[in-house]
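Lettered A, B, C and D in written order, each chain numbered from 1.
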Amino acid sequence: MTLTTELALLAPEIALLIMTSIVLVVDSLYDNPDRVLTYKLSQLALIITTGLVLLQFPEVSTHIMSGHFVSDPMSAILKIVLGLMTLIVFFYSYDYLLEHELLKGEYFILMLFAVLGMQIMISANSLLTVYLGLELLSLALYAMVAMNRTSAVATEAAMKYFVLGALASGMLLYGISMLYGVSGTLELPALATYLGAQTEANLLLVFGLVFIVVGLAFKLGAVPFHMWVPDVYQGSPTSVTLFIGTAPKIAAFAMAIRLLADGLQPLAGDWQGMLIVLAVLSMAGGNLIAISQSNIKRMLAYSTIAHVGFLMLGLISANQTGYASAMFYVIVYTLMSMGSFGMVILLGRNGHEADNLDDFKGLAERSPWFAFIMLILMFSMAGVPPFIGFWAKWFVIKEVIAAGHLWVAALAVIFSVVGAYYYLRIVKLMFFDKPVQMTAIKSSQEMRMVLSLNGLAILILGFMPGFLMTLCIEAMGF
Amino acid sequence: MLEHYIPILIFIVIGLGLGCVLFLLGYVLGPNRPDSEKNSPYECGFEAFEDARMKFDVRYYLIAILFIIFDLEIAFFFPWAVVIREIGMTGFWAMMIFLGVLTIGFVYEWRKGALEWE
Amino acid sequence: MFGFLRDNVWSPLAGAVLSQPYDGYAVYLLDVLIKIIVVVACVLFTFAYTTYAERKVSAWIQLRIGPNRVGVFGFRMFGLAQPVADGIKAIFKEIIIPTRASKLLFVLAPILALGPAFAAWAVIPFNDVMVLADINAGLLYIIAMTSLAVYGIIIAGWASNSKYAFLGSLRSAAQIVSYEISMGFALVCVLVAAGSLNLGDIVNAQSGKYGFLNWYWLPLLPMFYVYFVSGLAETNRLPFDVVEGESEIVAGFHVEYSGIAFATFFIAEYTNMILISILTSILFLGGWLSPFQGIPVVGAPSIFWLLGKTALFLFLFLWIRWTFPRYRYDQIMRLGWKVFLPITIVWVVVTSVMVVAKVPPWFS
Amino acid sequence: MIEQTVFYFFAGLLLLAATMVITVKNPVHAALSLVLAFFCSAAIWLLLQAEFLAIVLILVYVGAVMVLFLFVIMMLDINLTVLREGFSRFLPVGISVAVLMAVSMGLVITSGRFTTGGNYEALKHAADYSNTRELGIALFTDYLYPFEIAGAILLLAIVAAISLTLRKRPDTKTPKVEKQVAVHRAGHVRLVRMEAEKE
């Protein structure tokens, strides 16, 4: 393969890096308080990179750059979803940042870097690129959480996130070095080939695997490695929470697939057990603790932990349909999470954060339309048919049953019923309680439209889950 | 290769040793007559007001951080400089891109006033 | 010369003393040890007479006489025994350790300043064969060792627990690290030009039929300048000596040091100065190569050329010190970050383009 | 033989230094122990013939990163008593975790399955082998893509560091060099003809 074709496949990443550099320079040259130019250029950067992915949608899997980069249908789909999600984040956060006096060009620049890191992770074909992409993402996220320097809560959250995140990266790196030490290769397919040829169990490999799974669990926020999630979700500015709660989940899923499926598939027998424990603990812990929360950002954080548990159910079966169901889950989850945090941003105004459950009281009276959107979101999160969230849960549980772990499936059903309680409580607050304040919701036309579309997408997709599922199954190489 | 490093090891030991020996010489041969005035920190004749270790401008940290980043960059340059004649145009351009990316960082620093010393 | 000594002097000597075979470890170690002592002694000697030269040159510039009294047995000899007297005085002075200082670190600081200053000399080649440790990564080793110089200063400033010392060490640390970057890039340019990290190879790469025009000072002229000026800043010499700044922070990081402890810092500073001078000669002025190539006797490469060039740069150090006023601190930082750094980055590109394009006569 | 001796010397010193990092009371001493630990690791890397990486370890970690560490430690008066408060409270938990880990490690190591699959020996290279050269060739051919990502990470580090530490302080005065240089006589000096004053 010639360098030119290799570069063509790398075009989305290259374009994003170039655009980010341009935004960086432009932002530092034109010092206007509104940052409109930075904002628009950043959006343009995302559109260009997503467009470039679409332009050359791959049919087959190609390994380039000496085997460090892979271009396959899964990477393309995830990158497109990633680009769209980040674009929505941009729409939701601009007004919020402006109102809370947090608007800085760096916010968008860091986000673009995070996207670049995630793209690299999604297309990673070697242990090294997985790690480098992850670092690019994490570094940007730490800085974003800490951006509000006047807030002690945000600083504390950033500190926790950084220390635990660095620990997780260290674990991952330690695991990677063990695998590399034993196999002598960094390339994931080569690693799988090496592992497949092994007849005897090598304890050092399993050791490495444990570290890798721990690192992954940290990054995904699965119990018992979830400690950072609630604090970071609550402590960061909501627009940052919005970002952390959505796009990185896609990247974390991609990382899990790359590492566990592409690289460590022959060790599936070992990691399945670990994932079962993590999944069950996450579903239990997330759903049970979420019930007692009064802060909606914190509640959504525990809900994330629970959803990560469900996401892992899809991986447990260790086959292509299982992975496809997990992919379906992660896409659906990010869409729902996006809408929920979008609602939190929408309700907050004049520098006030609407992050208490009480802020949702009587929303139906204040704005019936957005109460309806929130209803869709909450029903979908809870897994009420026919919303898309139901199908996501349905597919993963089906996979678990197919893999023969009936009791896990039973636990999953029980915990989703438990989880339904706190989602439906919000619905109750909105429709049956008196509002604390009657001020009208004011926000830009743009924001209203995108948020409505977001909610409606969940409703519509719920009626046609087959479309998205087909896409996921294709992505997994059928 | 390792045999070349034995003299270096010895040299480092001797360099540190020389410092110790000088100090010991001074300690043994010099007088030792402490008194409280002589041993108090110098502050233009005043009594010392407070502990000298104080919080300091964050700018110093920033300089140190930027130094680490550029130092790393230099560390990447070393192997490149050694093999520049062998890696061909791809290697050359790879480093130019790397340098370009870092130069953008430098422009950003400059424009943001991180290099300003007030 | 070293080889000759080893074969004809040390080996038989060691064989006689230790009753071991000639080429055993003991002989090897003894050989290395003696070489090191020779190098250290030479550096110390140069240090001593640089301090003397400093005073003489300053006197000359300011139309004074300078030290001319101290002599041996009544022979004054232009005060040539002055450094010896200084050294003896330093040793017999009291080492004052302030009450509130961190004792261990206070004592450790001068040693940490001296150690790396000497350690860097391990890889310096004096001519084609006279080199103690002929390692492949020589230049890298040098830059690593010079980057350690900052420790002695920071620790001294902090351990003294005195405001002036603390301020001085802070300024110094920030200044040293700032100039280390431009220095590093200047070295990268030399490296790109020579294609080797080995100092001997770098000198040999500068030989060519055009004599001194082949040396790297010409194609790397801006780097030559940047390197030497950064060297001034790294060693805290005027015009960059805000670290000491006697008119504002009295003596900076070593305000609390006395006697031999102070002298140790002094030795470290001068050793670094000599090191910078010899490195500038090696990297940019062709080391031991002769400028008069092709002419018999004077045209031959020799250690004396290297020493002569080093002496030239040492003189430059002194000349600059007694000629220029001190920079303000913000000016120092601006020069380092906003002038030198961009220049060096541009010149790295220029040099590498010249190398890739094989520009004659240096890179063909 | 001599290699083994050197290895055990530095490995022992490394362990000692690393233990000191977490046990000594004075944070500056701890940081300096860490410096010593880096030195020992560099020496061990050298023994593994990784010349370039060993020296870069000293250059980057000792020469740059630890300087920043020292800056931070020296300039933030860390109040040790506050830090120590939680110590006794969390001691039981800490000890139980430590015991648990020690037991599990012991079980793993004594299980007899813990082998690395053979004895490995460091490669021996010829005297003219240049580690830097080999690394350069690998880095700029096979590892081009990770190398460029590293560049992006460094750029991000610059952006993050500046956006987190730089504050605009309106009360400070900076000399504007451009203005100083652009000063022209005409705007600043006025020649006035005056009659000599007489009493």
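Methods note: contacts are C-beta pairs under 8 Å (C-beta built on N, C-alpha and C of every residue); 3 or more make two chains touch, one makes a residue touch a chain.
Computed from a prediction, not measured in an experiment: that's the story for all the values here.
Taking C-D and B-D together, the pair of chains sharing more C-beta contacts is B-D.
Distance from each chain's C-alpha mean to the overall C-alpha mean is smallest for D.
With chains reduced to the mean position of their C-alpha atoms, the one farthest from subunit D is A.
Subunit C and subunit D have Cα centroids lying 25 Å from one another. Subunit D has its Cα centroid 11 Å from the Cα centroid of subunit B. Centre-to-centre, using mean CA coordinates, subunit A is 32 Å away from subunit D. Subunit A and subunit B have centres, each the mean of its CA atoms, that are 41 Å apart.
Residues of subunit B found to touch two or more other chains are 1, 4-5, 51, 53-54, 56, 60, 64, 67, 71, 78, 82, 90, 95, 101, 104-106, 108, 112, 117-118.
Multi-chain contact residues of subunit A (touching two or more other chains): 17, 21, 24.
Residues of subunit D in contact with two or more other chains: 51-52, 56, 59, 63-64, 67, 71, 74, 129-132, 141, 144, 150, 152, 155, 157, 159, 167, 174.
Chain pairs that touch one another: A-B, A-D, B-C, B-D, C-D.
Considering their complex, residues 1-5, 9, 51, 53-56, 58, 60-62, 64-69, 71-73, 75-76, 78-80, 82-83, 86-87, 90-91, 94-95, 97-98, 101-102, 104-106, 108-109, 112-114, 116-118 of subunit B touch subunit D.
Chain contact summary for the complex, subunit B toward subunit C: residues 1, 4-8, 10-12, 14-16, 18-20, 22-23, 25-27, 29-34, 36, 38-44, 48, 51-54, 56, 60, 63-64, 67, 70-71, 74, 77-78, 81-82, 84-85, 89, 92, 95-96, 99, 103, 106, 110, 115, 117-118. Within the complex, the subunit D residues that touch subunit C are 2, 26, 28-29, 32, 35, 51-52, 55-56, 58-59, 62-64, 67, 70-71, 74, 128-132, 174-175, 177. Contact residues of subunit A toward subunit D in the complex are 10, 17, 21, 24, 65-66, 68-69, 104, 106, 109-110, 113, 116, 120, 126, 128-129, 132-133, 135-136, 139-140, 142-143, 146-147, 149, 181-182, 201-204. By the touch rule above, subunit C contacts subunit B in their complex via residues 29, 32-33, 35-37, 40, 90-101, 107, 110-119, 121-123, 132-136, 140-141, 143, 147, 158, 160-166, 170, 173-174, 177-178, 180-181, 184-185, 188, 191-192, 195-197, 250, 255-256, 259-261, 263-264, 267, 329-330, 333-334, 337-338, 341-342, 345, 348-349, 352, 355-356.
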